[in-house]
Amino acid sequence: MLSYIIRRILILPLILLGVTFLIFCLFSLLSPMERLATYINDPSVLKNPQSAQRLIDKYHLDEPFPSGYVHWLKSLLRFDFGWSPTANQPVWEAIMQRLPATMELVLYSIIPVILVGIWLGVISAVHHNDILDQFIRVTAIIGWSLPTFIFGLLILFIFYGMLGWLPPGRLSTWAQYIVYAEEGFKNYTYFITIDSLLNGRLDIFWDALKHLIGPIITLSYISWAYLLRITRSSMLETLRKDYIRTARSKGVDEKTVIHQHARKNAMIPVVTVAGMMIIRMLGGVVITETVFTYPGLGFWAASSAQQLDYGSIIGFALLFAFLMVVGNLIVDVSYALIDPRVRLE
Amino acid sequence: MLALQVPSDSNGLIKYGGLDYIFPIRYGVHFHNGDILTPEDIEYSFERGIIFDRAGGPCWMLLEPLLGVGTIEELAASVAGVENYADMFNEEDKLLPEYQEAMIRVYTDYVDRAVEVQGNNVVFHLAQPYAPFLNILAHAGSWSAIINKSWSIEQGAWDGEADTWWNYHDPTNENDPLYNVTNGTGPFMMTRWVPEETIMLERFDDYWRGPAKLKEVVFQYVNEWTTRKLMLQKGDADIVYVPVTNINEVKEMEGVEVIQDLPTLSNVVSSMPWTLNAEGNANLGSGKLDGEGIPPDFFSDIHVRKGFSYLFPYDIMIEKAQHGQAIRNPGPIPKGLLGYTDDPELFYEFDLDKAKEEFQQAWDGELWEKGCKFNIFYNEGNDVRKTACDMLSTYAKIVNPKFELTPVGVQWSSYLKQFLAEQLPIYTIGWMADYPDPHNWAPTYLGSNGTYSAYYGEAYLEWATENVDPLIEEAMKSTDPEERASIYKELTQLAHDQAVALYLYQPIDHHVQRDWVKGWYYNAMIPGMGDGADFYSLYKE
Amino acid sequence: MVNDNKTKILQVKDLKTYFFTENGIVKAVDGVDFEIYQGETLGLVGESGCGKSVTAFSIVKLLDYPGKTVGGQVFFRGEDLLKKNEKQMRQIRGKEISLIFQEPMTSLNPVFTIGFQITEALKVHYKISKPKAQEKAVQLLKKVDIPIPEQRINEYPHQLSGGMRQRAMIAMALACDPVLLIADEPTTSLDVTIQAQILELMKTLLKEFNSSLIMITHDLGVIAEIADRIAVMYAGKIVEYTDTRSIFYNPLHPYTYGLLTSIPRLDMDIEKLDSIPGLVPDPLHFPEGCKFHPRCPFATAKCRKEEPVLKEVENKHLVRCWHFEKVKEEAKKIAFTGRLAVSE
Amino acid sequence: MNRIVKKLLSNTTSLIGLILLFVFVIIAVFAPIIAPPLFSDPYQIPRMSWDTEPQPPGFPLSDDMIFIYESMGEPIIRDKAIFGTAQGGYDIFYGLIWGTRTAFRIGIVTVVFSMLIGVILGSIAAYFGGWLDELLMRITDIFLSIPFLVAAMVLTTILGRGLDKVMIALVFFGWMGYARVIRGSILCAKEDVYVMAARALGVKDYSIIVRHLLPNTIFPVMVQASMNIGSMVITAAALSFLGVGAPLGYADWGQMVSFARNWIIGSPGHAGEYWYAVFFPAVFIVLFVLSWNLVGDTLRDIMDPRLRGEL
């Protein structure tokens, strides 16, 4: 088990190296002048060809491929991702500043989806009947066919526009002032929902939550349908397995059969799917945050893309690749934790 | 207003025919950190601004009147006798020792002398009489903001010495110690700044005019109109920027006040460079007048320019794309400034027949016969400018089906890049006042050194040097408003006769706020005033 | 042969289990009667799909959807199991009636240790403490001849060999000293040597525990070794029911006869190896009359129309055939001693 | 093959899918008749007026536009915007009709090309095995390490705006799934007798792959491809929505939705007064993707009954 995890962790940097290489190759499609845009904070510098050339030399932007890659890699290791004109600050700083907002959104989307999605899937598998089956199947396909940006606009239209229940952004102005500028308010985790509770500010907690609901639903509705369906079919499949009959033949009660014998086995494919789902969600962050003007990484990445801000978009892609590789590692490890056949290999 | 008196000829604080401006400094003004304002702080602030001179930044406005140059680099290079400022530095950006002395002289002989402390007065010595100088200083822009000298030095900014200044010239944001800290004398102090996201201000209780009524101010950058609208609707935002196209959506909103018809000091112009850079330029098609493209000097023919001037449906544009929230200008000078004229003779009107006549004469009839094909530009995402392009393209086709103008949207950065490279055949660009004086406009659009017109190509520069520049110079030096006005009118006449550009419109601004916001007033010269405010005067009910 | 002195453990009367599928009703078990006495082994024989496993699962009420027992009675120690609710059944399963399944790989839960699975029944029925259960598990594994049981109890099914797993299954079934064991093809998936070992083990353990056994198999060779009596099933019904010797020496049903001729025998030429022609009938469309008639060499017009009933034609020898005498004649021509000689 | 067609026609959901798909094909094929183009570039959505505000369904062609048509000597083919106009006066109806062609082009071109790349790389990896397999699969892993939408966004940012660029980006980051599927099937099929026999007979590797292995393993890939057409169209639309896809005014559904973004809420008291700006484009996208998914889902069921019930 330990050696398995260690092996996986050792592969991780190799994959990441591959990702940087891939991104550098894409980056190389740009002219040195365009790549320079990543490193400067004022486009007017480009006016003067000499100062531009000096910067190109400084950042080794017109070097041949291998050495250019090495220099770029070195700057990445120093967390020097360049300058983000979109955020008007260094890319790394921009990332760190926006990461908590995105993480808060993603975690709040993942955890309920996983817990409730699996729970519902198990329930619907146990109370298996044809109407529910068809309903889930149809819902899943429709959910699958409904693009996030359309669903998000729908939510925006209904809950924000028509009903006026939910506000866009991340915090109301009054709450922002308290959270960011007031001395008494301490930021422990930078997750506003958690920090507000730690500070005993229920009003801020409620405000933050109201801002989160729309994005959470939008980010997770596909995953809900998907995970529920996968859990259900995996459960149904497992419940037909011989060992379930064995357990029943021992006089084990149905609850134990389902929640101990069946569920643990049924989770094995679900873990893989949940992993894929989380990865999909990372992509969905860009659209969701854009639709709801939620000030996280995705929103920033989308505006960077619109403004051809290469530095930001590449920093963002690298970060997400990193998150994805780490996510895959977690999935593989939890896979091993559940399945002794993998664990003891 | 940190001065006790505004200098003028009558109070004797402007001397030597407008070469010296003397400002007696107010006593007992506090900085946010508690320090008291001194004349030295003011001297330091301006001198630092001059040596700072960020490339593309606003400091030319100080350099031009005080030192008679556009950039400090220009001055340094001429003092040191080198062609380029960069030539004085080695690979690692270190000053080469042989130039050290010259660089010190730049400071001691020029910069230091331009702004001086005399007792409790600060004296500005101008390099030449410069009519708009007071307007420049009075503007709320960053170039005349006063900072605390000792505090700035503590933060790691320029230490005020002559032999170090070049290390503080044109820094990158990361290397600028004052990039993300503030310490001023204004009514509010900055408590939090997330670039492109939020600015939070808190009342400064020791403000010399007495504390402001608002305790705190939060600015938020929200690009999405829908979000801004919701914030306004819910009362989460007190003042929002509403695009002119969406103004109808807020007019009926409860508890929201819409103030319209605010004149702005800005205009939008489509330029037609007389000669273009043909090198590597795909925008010109074949690069010849053969129906498949245009020659680089296409627009140097006055009939072409006049043709396009008649082709544009100015009124439809204003009515539809601007919801009527704009007026027309005959030339570069916006309404509300000295020298503006609304002589109907000077306006081009949408007239396809006249356009046809002009085009038929252009290029000795060759253009009419063969047609043309080229790209016209707008910056991606700017729907109004795209509409303008589409209009030109459509109506050109009506006049002559052989005229094919393809609207192309490009990102702002590459738009600017191509504009600087003189590659754009027709492109639209706007200008907002830096200071309320026609001198901020005429040279920009017409002068051979103008921010825009300098890129109109060889042919234009030749014409402008001969016909425009002397007038601009004369207007700048004159202190007689009437005389100046007539010169600017003359310039407008020139712009019309030569059909230098399509003067599309001068936007009219509006202000949208919750009705509980009180104390708002309009001042066209405060940047972004339509959607912003002088927060000192504001209070909420 | 039937020993009337022994206690009757289980009596199945007219058991009917149907599967209500989308395409129609499948009468998987259609009126089955038999009984088992203490310490006795009953062999339930037939081709796959004849309803023998369904019979077993009907007894313990572990039918898969959409199967349903629609009629009959199952008396276990005098009480009708079919009338018991799920909770009462749970108390019987694993404690008084245990099951051993065909495929030990799939019948053991891959994510739990052997020890856990063996002691689970104990924990369910006796609520004994963990260390005690562990101890018992070790004992049981010893009983089924698994070496180093202390180590094995912490291993997972995939770490064991096939024979080992079946031994573990047996240990699991015996955990609560059940009165009745039902073994559903317990040796089918094992290779021949292991098969013999397992059968030997089961025989020993049955004696030791004095349990009864229902042995379900399609392999007459296996049944010959272990069963006291045999019920041959075909298409959901018992077609012949008597003691083991009579089945082998005096088969009366053409199906039994066919099964016997298909056993490979040492004293016969391979070429003569005979198997029953035709296929197991489609359970949705059983033929009219005797269900075996399409495959039966003795079939007559009567067989096609009228279904025979199961009746005692010789002493304690029940058969469901119009022409059992013809079969008897035919069977006599071939002595089935060879196989018995081999296995006994 | 007959069996598959029969199954597709007999299943209600897939029948709905097929009918929808048929309707879209009709729309795409007859686009020039349903919505005759005005410009030499038919994918440029014509304007019904110069208004920046969206106009409701039935909005008549504005006088300015009538003037333009008349001066050009063009007949006025449509004097009403049946579905209304998007911001900028763009005719929603026209954009959706021609956008159908765009959607088919995006879906089919990207899926075919990424399938081609995936199949080639996957079969090479599986057939030759060893270090080549290892190398190709690690490359696949690397490509899979960037979320698809993010990857496509990065590449379109670098390549620049335009539908062709979007398609390149989708293909470049879209082939990995096919490579994995085909590799898996070929690894199984490789050991089959007929392949062994062909190898023993000295048949060339190339023709073993093309003649023997691919015909027997391509079906799962085709199923996956049919399911992917929908998601490719969604991703392309998402890129347009984010403003890095099709150029402004291009007949593309994603762009039609993004036109509606600023108008989604309407003014107070008139919530949803611009509903048509988002409704019609949304219906087109959802139905198009749904039809592919319904067909693909059934295909998958047919191919592998064991997978029934899984997405």
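We call the chains A, B, C and D, going by the order they appear; numbering starts again at 1 in every chain.
By definition in this document, contacts are C-beta pairs under 8 Å (C-beta built on N, C-alpha and C of every residue); 3 or more make two chains touch, one makes a residue touch a chain.
Every value quoted in this text rests on a predicted model; they were computed, and no experiment measured them.
Taking the mean of each chain's C-alpha atoms, the chain closest to the overall C-alpha centroid is A. Looking at A-C and A-B side by side, the one with more C-beta contacts is A-B.
Chain centres here are C-alpha means, and the one lying farthest from subunit A is C.
Subunit B and subunit C have Cα centroids lying 95 Å from one another. If each chain is reduced to the centroid of its CA atoms, subunit C and subunit D end up 57 Å from each other.
Subunit A and subunit B have centres, each the mean of its CA atoms, that are 42 Å apart.
Contact of a single residue of subunit B with at least two other chains is seen at positions 224, 226, 230, 233, 380-381.
Each of residues 243, 261, 264-266 in subunit D touches at least two other chains. All chain pairs that count as touching, in label order, are A-B, A-C, A-D, B-D.
By the touch criterion given at the top, residues 224-226, 229-230, 233, 243, 245-246, 248-254, 313, 316-317, 320-321, 323, 352, 380-381, 383-384, 386-387, 390-391, 394-395, 397-398, 401, 409 of subunit B touch subunit D in their complex.
By the touch criterion given at the top, residues 37, 40-48, 50-51, 54, 57, 83, 86-90, 94, 97, 156, 160-161, 164, 167-169, 172-174, 176-177, 180-181, 292-293, 295, 303, 306-308 of subunit A touch subunit B in their complex. By the touch rule above, subunit B contacts subunit A in their complex via residues 54-57, 84, 86, 91, 93, 172-174, 191-192, 194-198, 200, 202, 216, 218, 220, 222-224, 226-227, 230-231, 233-234, 236-237, 380-381, 411-414, 416-417, 420.
Per the touch definition, subunit A reaches subunit C in the complex via residues 240-243, 245-254, 261, 264-265, 338-341, 344.
Residue ranges on subunit C touching subunit A, taken from their complex, read 57, 60, 62, 64, 86, 90-95, 98-99, 101, 103, 106-112, 117, 120-121, 124-125, 156, 158-159, 169, 172.
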